[in-house]
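Paired with chain B in one complex and with chain C in the other, chain A is shared by the two complexes that follow.
Up next, the complex of A and B:
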């Protein structure tokens, strides 16, 4: 089934002068990891809020065009049902952490409590995600005492624990170090392996190129490119929206400029390794 | 003249220790990147440099003199601090007032004010936005407004907290150009960042931190060569450097240019 289908969608936040989304056409399939890239203020967060139904169920504004989520028009969804179906991690963990729980453990469990999950099951699920994210050392802490990076991990953990079939995540790694960022991507990859659909707005293009099935580029409130990761990230057009290409793609382009192009432009380190080692073997053989 | 941390430690009032016994020396015009995982003590270390935090142990010296008796406002004139989130810093109704705030506050002469402001505006490429409210600017431009508001002072040390976060390719080029100009002027730049590609492209010296202490301080090639340092500070080589190593092309290659030169 189609996860999200948008046709000619526009959205202007209430009291805003300019539209946040303009004439967006986009189709995202179920069961895949969809990366959304684009500069700040390009519409990524608004797109995530729309797919999650926070727009228009919570944020008011002027919505035009057609939005269909899992085969049903967005406006026909019951807000509570949508919350159970789509988990969402916002980009600013300070707004997501409830602040009404005394420990990180309880904070992670709050979504499960709201869904009425049995206590033993709830504890199991929280313990599992705590271990996956390696945050055992902070589970007894008060969420209000955490650093930005720690809060970001807790906000992410609370959504993973909810086990929703669809997860929308807005920049989960913006305050995380490289090791923690990779851990987050590995968990997201694990969610996909369980058959979940993931929409992920993210700046770290090297990780996205490695893990995402499709990439959508947003620019000035609209979708300017969307398709399989390789087609989008490896295209010349990709750079024209100001988005920085993966480092190995840059390497491939510089080699081409130096008159030594690789057979295929790499978008991941693994691909670059294969291309260059093939080159080295053939050079050696001559 | 340098800024020096002598055996500096900082413990929060609740008893949790952020850093312990950190010694560092940053000279005029030098560029230093401080790296390490979340919670390693990077932010605490740079906040101690401009007295946003006051050491609970050791001393911070600027030009050989202790800062123990100076106020944060005084030290901030020598050591500028650009926050990661420009919204933590900007307050004026238009960009020009934001930049001119400090010169007016310090009652500089018109000529000096004009000179310092135009330099800061030019260095950060914000000429076209002077009459705009910073809140109406894209966050990448807001970031440069925040940098300009710090560069307008006569500080000789600038601390940049995650300067590349949210920048597009044009913003990155602007940032690199600005760093080169600052070096020509003898202004030292200290950054704390998770962006290793930025580190190897722009910083010769790398300080790796872990568990509140400095575990390595030296040439970027030496720091990124050592697997043990990377493991302990939980940092990664940039992709091009790791690729060169995996391919057996070279253990000291770090930047894309280094690797281009090595591929047959």
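Up next, the complex of A and C:
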């Protein structure tokens, strides 16, 4: 089934002078990890809000075109149904905390309480998610006293615990160090392995290239490229929208420019390792 | 699983306890008890009853293990509010027995009696409210109210309102620090502080308003609008005989105080 289908979609926030989305055509399949990249103000967050149904249920504005989520027009979904079906984590960690719970453990359980999950199951699920995200050390802390990065992890943990079939995540690693970012991507990969559909807006292109099945490039409110990760990230057009290609892809391009191209342009560190190892082996053999 | 996480999870599996017999009284029974004491203090005519009630509040706070902080707060309130109320009433209430003539006004025996009665009654109310916040966990109280049918939305609004006070204070400090970093003088006498503080109010409230919308969306993401039955991670201790006895005593005290007031016992 198609996760999200957008045809000729435009959106202008109420009181805004310029549209945030312009004539967007996009189709995202279920069960995959879809990366969304683009410069600041390119429309990534608005696209995430639309797929999650925050637009038009919360953010008012002028919405045009057709949006279908899991086969149903977006306007036919009600807010409660969307919250059960599509989990979402937004980019500002300081507003992702409820503000009414005394510990991180309780904070993560909020979504489960609202879903009516029995206490015993709730505690088991929170324990699992805390371990999964490696946040045992902060489990007793007051969520209102956490750093931005810690809040981001807690907000993410809360959504993971809810176990929604679709997850929309907007820059989950913006406040995290490289090690924690990698860990978050591994968890997202784990969610995909469980059959979940994920839409992930992210600036860390190296990680996105490694984990995403498809990449969509946003520029000035519209989709300018979309397709399998290799096709998009490895294309020459990719860099022309201000998005920086993965370091290993840049390395491959420079080797090609120096007259020593690799057999295949790498887009991940693993691919680069394989290509360069093969090159070194063949060099030694000669 | 780490031992800390296992211990935390095990704690949530048990009925919630705060480790003190007074604090563990059912929150609604606690509210009934404190309210009854306030009513008793107010209904009786003299200043002795509210004074006894105020002392009782201190005793309860110590029994709950919150005595020192409660006493500190209440003493400040007595000095800041009680004393001013007493002085104003003593000066302004007219009476027959003039003790100290002060030009157009005079301190009278009736003024002093009225001042004592009024200020101690007000302080009994302050004491009760302060005790309420010192020993009643709002989270537990809301949970108890949800159990008897109060909507989780109402409970959230109340809890978030209390948290908003803390959040606004924190935001104001951040904005003030930013102002200081830009060289604006924010330390010194009252006027200097006021001059630095008032311009901060607009950004503080604007920030709070913009955060409210994002927080609403974050709550929606946690299925806050789910119409089905909500459950709770915390397991409030069941209503006990002690709670029943407390409510019964509270009801009897209120009934006796009101009846006494009506029948002129005091």
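Keep this in mind: the second predicted complex is superposed on the first by the 286 of 286 C-alpha atoms of A that agree within 3 Å, B and C clash if a C-alpha of one lies under 4 Å from a C-alpha of the other, contacts with A are read in each partner's own complex, and residues count from 1 in each chain.
Just so it is clear, a contact is a pair of C-beta atoms (placed from the backbone, for glycine too) under 8 Å apart; a residue touches a chain by one contact, two chains touch by 3 or more.
Because the structure is a prediction, the values reported are computed rather than measured.
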item: Clash or fit, chain B versus chain C on superposed chain A; value: fit
item: First (chain B), second (chain C), both or neither touched by A:136; value: second
item: More chain A residues in contact - chain B or chain C; value: C
item: Which superposed partner A:127 touches (first chain B, second chain C, both, neither); value: second
item: Which of chain B and chain C A:79 touches, first, second, both or neither; value: second
item: Which superposed partner A:158 touches (first chain B, second chain C, both, neither); value: second
item: First (chain B), second (chain C), both or neither touched by A:8; value: neither
item: Which of chain B and chain C A:227 touches, first, second, both or neither; value: neither
item: Lowest inter-chain C-alpha distance for chain C and chain B in the superposed arrangement, angstrom; value: 5
item: Footprint of chain B on chain A - complex, ascending; value: 39-41, 147, 149-150, 174-182, 203, 206, 239, 242-244, 246-248, 250-251, 254-255, 258, 260, 269, 272-273, 276-277, 279-280, 283
item: Of chain B, residues touching chain A in the complex; value: 36-39, 138-140, 165-166, 168-170, 172, 194, 196-197, 234-236, 238-240, 242-243, 246-247, 249, 256-257, 259-260, 263-264
item: Complex contacts: residues of chain C adjacent to chain A; value: 1-2, 4-6, 8-9, 12-13, 139, 152, 156, 159-160, 163-164, 166-167, 211, 213-235
item: Complex interface listing, chain A residues touching chain C; value: 52, 54, 57-58, 79-80, 83-84, 87-90, 92, 94-103, 105-106, 109-120, 122-123, 126-127, 130-131, 136-137, 139-140, 144, 155, 158-159, 162
